[in-house]
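Heads up, the next two complexes both have subunit A, just with different partners, subunit B and then subunit C.
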Partner chain A sequence: MREIVLDKVSKTYDKQSFAVEDVEVSIRPGEFFVLVGPSGCGKSTLLRMLAGLEEISAGSLSLGGKLANHLPPNKREISMVFQNYALYPHLSVEENIMFGLKVRKISKQERKRRVQEAATMLGLSDYLKRKPRELSGGQRQRVALARTVVSQAPICLMDEPLSNLDAQLRGQMRVEIRQLQQQLGMTMIYVTHDQVEAMTMGDRIMVLRDGKVQQIGTPLEIYNQPVNKFVAEFIGSPPMNMARASIIDGRLVAGNELSIKLSQSDLAKIGNRSITLGIRPEHIHQANGQGRVRTTLLNVEILGNETLLAFNVNNTIWKAKWPGQWQLTAGSPIELSIDREQIFIFDEISEEVVSSPFNKDTVLEGVQTL
Partner chain B sequence: MNEVMEKIERYQVPKKENLWQKTANLRTSILYLSPAIVLFSVFVFYPMFKTVYLSFFLTDARGNAALFVGLENYLYLFDSTSFKKSMKATWLFALYTVPSIVLISFFLALLANEKLRGIGFFRTIFTSTMGMSVAASAVIWLFLFHPTVGVLNTLLGYLGIRPIPWLLDSKWALVSIAITTIWMNIGFSFLIILGGLQNISQDLYESARIDGAGYFYQLFRITIPLLSPTLFFILIITFINSFQSFGQVDILTKGGPAEATNLIVYAIYQDAFINYQFGTASARAVILFFMVLGLTLLQFKFLEKKVHYQ
Partner chain C sequence: MNTGRTTLIYALLFISALILFFPILYAVSVSFMDGKDVFNRALLPSSFSFDNYKKVFSSVPLLHYLKNSFVVSSLVTIGQLTVASLAAYVFAFIPFKGRDFLFIVVLATLMIPWEATMISNFLTVQHLGWVNSYRALTIPFFASAFGIFLLRQHFKSIPYELYEAAQIEGLTRFQIFYRVVLPYSRMSLVTLGIYSFLTTWNMYLWPLLVTTNDSVRTIQIGLKQLQTVEVATEWGVVMAGVVVAILPTLILIFISQKQLQKGLTQGALK
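== the complex of A and B ==
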């Protein structure tokens, strides 16, 4: 098993701007590594550089300790699943799965054996003679996965493999892909723009924005300790609520609606920068006398086991997520409380975190809340 | 009676409409079709039936049916050496032109499909013969083929090869016409094949590259199978075009020398408008019609099987 190490990897297409800039990461063997970011941030470009389909403009890529920048794709011992699966329309499912093995001149018996095995594993045995167009989206997806399985490559690259499937199937395939990866013990590099996929599937996540790495960490690290405003807003659904805020008399104030008392240490950290306040929807509760928000309810969505409330804070729409079913009427005034311990404060200009639940002086906070 | 039909009959709400309402759809469609029907009738269907009709008659010099002779015209043709020669020239001509056109334009399309600097220029050049009329192209080639001052023979002279009597020798004349036709038809075939190539998803090639497939493996296992409907379409179209060649024959050789280039359409023209034999000319035309029809059916049959690629 081989480690994948990227050192200052950059890519430019037009020699004017970077599609990917200075990516540094090492991916451990057997790891499920997710690349996530908004459209156009360079995820596919990075993945294609790993595959050898796109040249690396600068920086080095090494596989298993050996420099691999100029290794042709077939020498990298990888398999790849494309967004639209790249199935050969003129070949049957069986021939599609076998294509790579045939190219590599693997014996006929061995080919048959591997195809049978993969087809059983993915429930494709009944469809081997069909053409791709005679399959449903989910079945096509499985054929693409079967190609990966038979190749027995230690590294698998996937570029948004689930984006063509409906929500239910996506949920199912998420689990299947994750199981497959663990069963075969391969290193997976998985591109998605869907933060739910990133959170649920990855051992580690790398968040990209405009070609630059924002943060690398486990899903919980990224969720709990985002390093900047972008990561905080990108990961989580509904996204973290944000509003411009200012400090007035030792209180954090956003518009007419929100006002919270801050600890001395937070105030010290903030100094006199302009700041943005961030709070996750699940940390806004019914009024309990602490960290008050007074506003008008804009909308109520009851999702069965939880209720989403939408309201206005300093001209941005915020959402609160309450467990249970709440029969509230939109348009009525409402009072809410914010978990003071869960507040994020970002620098308005650099967007970096100034204060977050995890870099607070917890002992002092503990005393205060008592 | 099964349950389904029972239920349907019990709860069906019958539709009440008179003949006028029932034919509403038909009447609208005829209205929309009428311009095409009129044009086709005047310029296609009427001449077609007239041709079939005339092929059973002897005619006077103005092309009016004079004497019903049944299949005599056909029998006469099948017996005549001139007709056999014309058929042979037609098929030989197809043999010279069709494979060359398809192969050359396929090759050019493969080249033009590569992502190279300035490839747009070559794409334009390769397509340019499409914009030229048959007459203009033929005249250009008339100059190139000129026995003494023509560029071709001059070039051959530089290489120390004796001049070739391009249009004057009965062996070379058909080849010369074929060269002209190939040159004329490459533009169109090139464009269609290039379109077909660009329709093949790039992912397929990338996937194959990851598996380690080389250029020719990709060409034969991916490109050609996926392009086969397009290639077949072009094959049939060039076949039909080659059967229908007329302009270049008329300008370059007038069917000669010694009937060596008397292709079927030119023979029809000669029969009808030089010899005033409208009966046999019509019979030839009907034979050509069936040849083209056969090819067209063949194409439909093939495409039906293969066209469902997505």
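== the complex of A and C ==
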């Protein structure tokens, strides 16, 4: 097993702007590593550089301690699953799975054995003689996975492999891919723009934006301690609520609706910069006398096990997520409370975190609430 | 659609087909007539006999011509498919500096009529000493801009992911060409193959120029020969020769039609 180390890896297509800029990370053997970010942020470009399908403009990539910038794709011991599966339409499922093995001159018996094994693992045994066009989307996806399995490459790259499937199948394949990766112990580098996939599948996540790395960490680190406003908004569903806020008489105020008393340490951190307030939907509760929000309900979505409330704070629409079913009427005035300990404060200009639940001085906080 | 309209449409189709095919049908009819029928401008032969066919085979070496045509057409087909698919593969998949410009140059040659270059081509062939050989009839046609264009367009429709997946599996460029690209484009190869076979089969002027004796003469020239030998006025015999000449092309079209239809439905991937 080999470690993948990227050192200041950059890519430019037009020699003017970077599609990927100065990416530095080392991916451990056997890790499930997720690249996530909005469309056009450079995820595919980065993955394709790892695969050797795209030239690296600057920086170095090493595989197992050896420089691999110019290694051709087939020498990198990788397998890759594409968004459209890249199955050969003129070959049967079985031939598709075996294709790479034939090229690598692996003996016929061994080929048969590996195909049988992979087909059983992925429930494809009954479809081996069919052509790809005679399969459903999910089955095609499995054929693409089977190709990875038989190749026995230690590193697997996947570029949005689930985006063509419906929601239910996606949920199922998420689990299957994760299980497969653990079973085979391979290193997985997985590209997605879906933060749910990132959160549920990854050992570690790298959030990209405009070709630049925003944050690398475990899913919970990213969720709990986002380093900036972008990551905070991108990870989590519904996304973190944000509003421009100001400090008036030691209170945090956003529009006419929201006013919260802040601790001395928070006030000190903020100083006199302009700030944005952030709070996750699950940390906005029924009024309990703390951190008050007075506003009008715009919309109520009852999802069965939880209820989403939409309302206005300083001209932005916020959402609160309450467990259970709440029969509230849209248009009625409502009073809510915010978990003061869960507030994020971002610098409005740099978008960096100024104060978050995790860098608060909890002792001081305790004194303040007394 | 109601039956009345269907009947009408089929009737119209039938009539147009009849008009379109009349010359061929009439040629077939004449090929069975004796001299008197032809002279009386009969529509159908009064008696049915294969005499004309016997005569045409005995007066000119028709089988020999047919064989030549077959050899020449097959060689040109294979040559065109080979050259065009290789060139199209490069134009579609392998980037290099000036590739697009080169492709435009290739396309531009489509605008030069073949006849315009015929004299210089003839001089070249003559200089090479290829007159009266299969080389003169085949090699000048191996590079076909139209074929390159047709195949490149089809190769472009192959998902690039397939090409990349094959790269990761470790196929060389040439392996990708014959193990992925060619099987994927089987139908357009068949189409181009039929097209080049038929155009070569029907070629007239060039074979006439580069052949001075019967050794490699093709069937189209052979038909012309019919008029110079004594049977020139016997139209029944000439028509028998014509029918023999078009029969292989008709058979080819009938066979390939099935193949083409099958291919069209098979090639569709969702």
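Keep this in mind: the second predicted complex is superposed on the first by the 366 of 370 C-alpha atoms of A that agree within 3 Å, B and C clash if a C-alpha of one lies under 4 Å from a C-alpha of the other, contacts with A are read in each partner's own complex, and residues count from 1 in each chain.
Here is the rule we use: contacts are C-beta pairs under 8 Å (C-beta built on N, C-alpha and C of every residue); 3 or more make two chains touch, one makes a residue touch a chain.
All of these numbers come straight from a predicted model, not from anything done at the bench.
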item	value
Subunit C versus subunit B on the shared subunit A, clash or fit after superposition	clash
Which of subunit B and subunit C A:Pro73 touches, first, second, both or neither	both
Contacts of A:Tyr88 with subunit B and subunit C, given as first, second, both or neither	both
Doubly contacted residues of subunit A, that is, touched by subunit B and again by subunit C	51-53, 72-74, 78-80, 82-84, 86, 88-90, 99-100, 103-104, 133, 151
Of all residues in subunit C, those that touch subunit A in their complex	159, 161-162, 164-165, 167-171, 175, 180, 183-184, 186, 267-270
Touching residues on subunit A, where the partner in the complex is subunit C	51-53, 72-74, 78-80, 82-84, 86, 88-91, 99-100, 103-104, 132-133, 151
Touch list for subunit A against partner subunit B, complex	51-53, 72-75, 78-80, 82-84, 86, 88-90, 99-100, 103-104, 133, 151
Subunit A-touching residues of subunit B, taken from the complex the two chains share	201, 203-204, 206-213, 217, 221-222, 225-226, 308-310
